[in-house]
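Listed after this line are the structures, all set down as structure tokens.
In what comes next, subunit A is part of two complexes: it sits with subunit B in the first one and with subunit C in the second one.
So, the complex of A and B:
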């Protein structure tokens, strides 16, 4: 919507705009023709603009057409999106070093480049806004993104043409440019109607000293964009789409689209809002000096859903397609308050086999489909506040020295770590830390004891990184990042009975709960501790648990799946310990940790015993990498397990708990 | 395939005077030697690597010879003769870990295209006098004969991946060898998709990355030298190609250096293989 306050820039003088934008050394990034497409790249002069080029797109096809016209912005969308500049494909994260027993991990931070983005369309402004909400959703936001976005000047262009893959009208992001730009251009044959959208834009416009735009000129630009709107129509029935998709998790169409889908990830990589990344590690030959960088990744690759031990949460292509589509159009609302799609149509054009997301949406969640019942609450329930989040800077690593190593089982040890870091010492039961050894990918490890002078970590060897970490001896250092995540809501159990159910190494994150409850024992009702293990040799903290069993103020029961000759206790699965019990569960709060199947079985038996689903708490294992909800690996329905969990009530999780392929 | 986890922490940083350096061998079967030579391409770090491993068998670089045992044996080439069948079994028995390198060893290589034809027919085409040629009926990947612990793909393998593998081996970490599509690397690099923008047939969406997306970066389609990626949906891609190409043309597209590996092989068959029945038009744009 160009207003009467607009100015007019004659076409021959567009160089003045370039000069003004770059006057303070700012580099101009904008559209240019390269390799058979319009891409965003650095522009030296207006001659680099795609003047006289238009684009024709269709599912799986993108073609340039030379028109010979003087107009520079009649192409529709470049291949690249602005995320190449606001969320680059490669971003260095840390440099690290091992020097004897010492470990040093330092963040790598460069000053963001001063850029002017020229040619930003309405849908792309919306995408920049969405991306900003995603990358600022964490405590301090992603420093790299915030720096880049803040340093950029946005020069928008009103669309004067659309292509067959456009659907901004359905997603309510365009074609008219609203807010979010510093300057807005609308192109006419003879020049540009220009208006400012910010104080910075107004200052810039003032330096150009242009004549006011004539009302007729403004009207012609308004008519152009109105014609674009009419041309696009309303290709997607967006009203109620999030709810319809939630109800369509078992649609047969997922299987059908998976037959065509290549899972090549192109749709996510061209998407201006997809933000998932993974971390790559590089090191010298001895692993003594290392660096990490994050790089674009995608929920379409198999490795994205993989966790230690090679389990995979999304083994099938249909799982991955469903993850992408339901995230983009449904659970994105839960997480970030808007759709993740801006209707730019890049995913349609750049799909190598022409899968059209508009068609898939119409088939999977037709406008006439019922909108429920929904599989999980519409937004993460505020069972308790994610308090610790507010203080953790993603790149902050603290070196901590191992003061003692206690072997627990054949493959599990407990480290006692000394630290004076106030944030680590303020960790809450159920939180975790990322444990980094230079040259290795950092695994998430839950805290097994919070002491006044440090933390205990109980670590099982599940891959090369954990194997290398547990091979360290007393005196060695590791770097810790955290504490991360939302822990157990121990306070919610005050005045109630407490049930603690652990399977194997799952006792480690529960030990701080036991200690917190015992520290204020009179404030709780009956306390019952149920411990399961695969074999007697797999029991954790044996002496401590034996000591607890001797106490009169709590009940401890143990069971193993397979007994040995030395085992005189019970044999079977952990739910056998209480499926015949006579206590009333309605006054109890339960804290459960173990393999996902064990937690499902336990939760189900406890519900049967009257425990409220809002008071049954589990902690989930996922591929937690960034720990602050910006890399996307641990996504589960509307949740990031690392940030919204790892502790959840089964009421919050709804049917996302235990559902395959999410 | 589980990446190699060989070196115990005690071996970290072992040097030339240490008896604990891993004994490494590099051998070849039916192949061109190009993959072995990739080791020599690691020029900047070659001496440092040689310091950390004990290279006991590598005919391209040293006159030392060894018949084993090996901590890690790198094997290049496909198995194409009866002698090679016996030799690979012997080598497997004396190797703690066996790693295949390159398209020939991992997929059968370009020579596996003869697997679609009668051996005599191929003999007569290639050799004027095939009297002394003794070949198996098929050229096949090493994994058809012995267990393989890890593989490095490509024709030839990538120096960066070889370096990553060696560093991971000596430091005891998991090598980062991606198994996803070339498209991911292509898009990270900012290469314009040749399939969508030019209509060029590109195997990138079904091919494992690791090459750096070299071919699309030069304006031509990927021809699959790293072989199939995880979840390679060749049926869908071939069906898309079929809209504008004949069956034999589609078969020809999938019959490159890794034609014999599944699911490329069945895709060749499904579209009128054997391969090589048609000449493909040159498809590239002026990069």
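So, the complex of A and C:
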């Protein structure tokens, strides 16, 4: 809404605004017609604006239509959004090289471009704000995003038209421009009513030396935007939508929409708030010099939820559509305190098969739907807040030297790494590091021992990066980023019995727990260690575990899935080690790590034995690419597993734990 | 070993704990406590299964023969659990070979006598079959889980 303090810019003088915006070398980005659509691009002059064009959109349809009028902002929304400039499709991250045994990884940081965004609509201002909250979610924020956003001037335009795909009214983001802009324009046939929205905008407006807007001019702009609001109506029943969606995770509609959805990712690419990315790696042919860049990805990509072990947490289109919709309209609130949708309607218009998100919401989570039980608690349990984020800079890499290599199994080794980095040395049990070797995507690796002079990492060769890493010998370096994530709350077990249940390589992140407990053994009650492995040859840390089994102050039991006749130990599944035991679980805290299904079975048995779900801790595996909750890969319901976990209590996870397709 | 001693041994197991006193008495009368030296085969895959054993101490490995290959241990039976459960079936054929991998003790029940005893004692039969179902279902779940081969490595994006 334009106020009485507004000024008036005659249409013929809009070039003065362009001159003022670019006076300090700032480039102007705004709407222009290209390839039959309005897009955002660099504007050289007002003539580049889409004057005389309007847009007509519908599900799966976008058309430009000539109006013959002189107005420049009668189109509704460009195809592209401002995230192209605030969260570009490609952002350089690091340069790295190997020089003999040495590895050097340096962050790449460019000065942000000085831009003026012209033509920003109310819903897009909301989108900029939402993205800013996402990218600032870490303690240091995403430096690239913060720089770009801070360097940009926002010149907003009040909507004078709506199209059938608009639903900003439902998402409470428009059509009236509120805060968030430096200048606000409202277009009339003869020119623009202008007001400032910030000190920078006020300075700019002063340089234009415009006459005050007449009350009638202001009233006409107010009437325009009021007509837009009336035209849009309330297409989405937004009240209570997050809760209704949470209760609809098993709706049959997900299957139905998946039959139409092509998983093409158009919706996420045109969405002004979608922020998911991957890290791309480019290198020279010998792999000695490499660079990484952050690039847009989409939760609709087949491999977005892929992890080790040929596993994919969202293999079906149904899973991916559910992730996208529930994230936008429900779990975004848990993560960032707002909806992830601003109602711009781009996803509706640019869906090639015309899936209308408003229609899907009405079918999946109708306003009349009963509020069912929600699958996870509304917020992470208090008392175990993320801590590692406070000290980790996403681009900070530390070179660490391998001082010894211990083969564990046919495909797994333990590296002893030397470092003097205080942050790495302050790692806590259960945290992980990203291990970077030039030319390879960095895998997240759990810390298997924390020593005064370094860390142990136990790594299984399962793909190109891990194969290259475990081929390194003593004296070679790798670059580490971390420690990351929330570790095991060992302190919560003080004064209680301790149950440690490991499956396969899941013993690696639990070894620091064992060592932490044994370091202060008298402070804990009974300590029981249950180990499962695929075969006798796949057991980790055999000598260490045998030594522990000889101690009188803890119980160690191990079991393998299969064995030849030479194995005289136990065969079966890990829960067989304790499902018929006689101890009382009500005084116990359990730490579990292994394949998710093994952890589910273990947690189920432990609950049956009286262990409180708040005291059953698991560590989850997801595709953790950034490690700080900004790439989106590792989401599980409301959680970013890398940032909020990977250690969770099963009480925190609720029924999200082990749920198919999440 | 007296019936009283067998009864005491049975009571220490999850399998027999909680049986009604009369059922426990009857079961103890049907069983005898035996020592099984390590390496002893207690049942043979494919052969008539003439005893049901309840392990009191030690460990019995259940193995399957793989023609042309090494026998595979698919499960070990621990104190409180049973081997030779096929002995209660109308056509008692052992589905695996049971071998004591360490010196063990068990309460064993002659298959013919046990089936006859259960046929005449509905209360004991109901309690025993329920416990056998728990045991068999427990190992069925284990077998299914093992089939998933959860600890298999598999490819990784990294």
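A few remarks follow.
To be clear about the criterion, the second predicted complex is superposed on the first by the 657 of 662 C-alpha atoms of A that agree within 3 Å, B and C clash if a C-alpha of one lies under 4 Å from a C-alpha of the other, contacts with A are read in each partner's own complex, and residues count from 1 in each chain.
Here is the rule we use: a residue touches a chain if its C-beta (ideal position, glycine included) is under 8 Å from a C-beta of that chain, and two chains touch if they have at least 3 such contacts.
Here the structure is a predicted model, which means the values were calculated and not measured.
Look at A:463: by the touch rule set out above, it reaches both subunit B and subunit C. With both structures placed on the common chain, the touch criterion links A:80 to subunit B but leaves subunit C unconnected. When the two structures are aligned on the shared chain, A:352 is found in touch with subunit B, with no touch to subunit C. Of the two partner chains, subunit B is the only one touched by A:61; subunit C is not.
Using the contact criterion defined above for the overlaid structures, shared-chain residue A:597 touches subunit C, although it does not reach subunit B. Touch criterion met: A:287 reaches subunit B, while subunit C stays clear of it. Within the superposed three-chain model, A:129 lies out of touch with both subunit B and subunit C [touch as defined at top]. In the superposition on chain A, A:263 makes contact with subunit B only, while subunit C stays out of contact range. Judged by the touch definition given at the top, the superposed model places A:302 against subunit B, while subunit C stays out of reach.
The intersection of subunit A residues touching subunit B with those touching subunit C, taken from the two complexes, comprises 303, 310, 440-441, 463-465.
On the side of subunit A, the complex with subunit C involves touching residues 303, 306-311, 411, 440-443, 460, 462-466, 503-505, 532-534, 538, 559, 561-565, 567-573, 576, 579-580, 594-595, 597-598, 601, 623.
Note for the complex: subunit B touches subunit A at residues 2, 5, 9, 12-13, 45, 48-49, 52, 166-167, 170-174, 176, 178-181, 183-184, 187-193, 195-199, 202, 204-206, 219, 230-231, 233, 235-237, 239-240, 285, 287. On the subunit C side of its complex with subunit A, the touching residues are 14, 59, 61, 63, 70-76, 78, 80-81, 99, 101-102, 138-139, 141-142, 145-146, 148-158. Within the complex, the subunit A residues that touch subunit B are 34-37, 39, 60-64, 79-80, 84, 89-90, 259-266, 269-270, 280-281, 283-288, 295-298, 300-303, 310, 317, 349-354, 439-441, 463-465, 467-468, 471.
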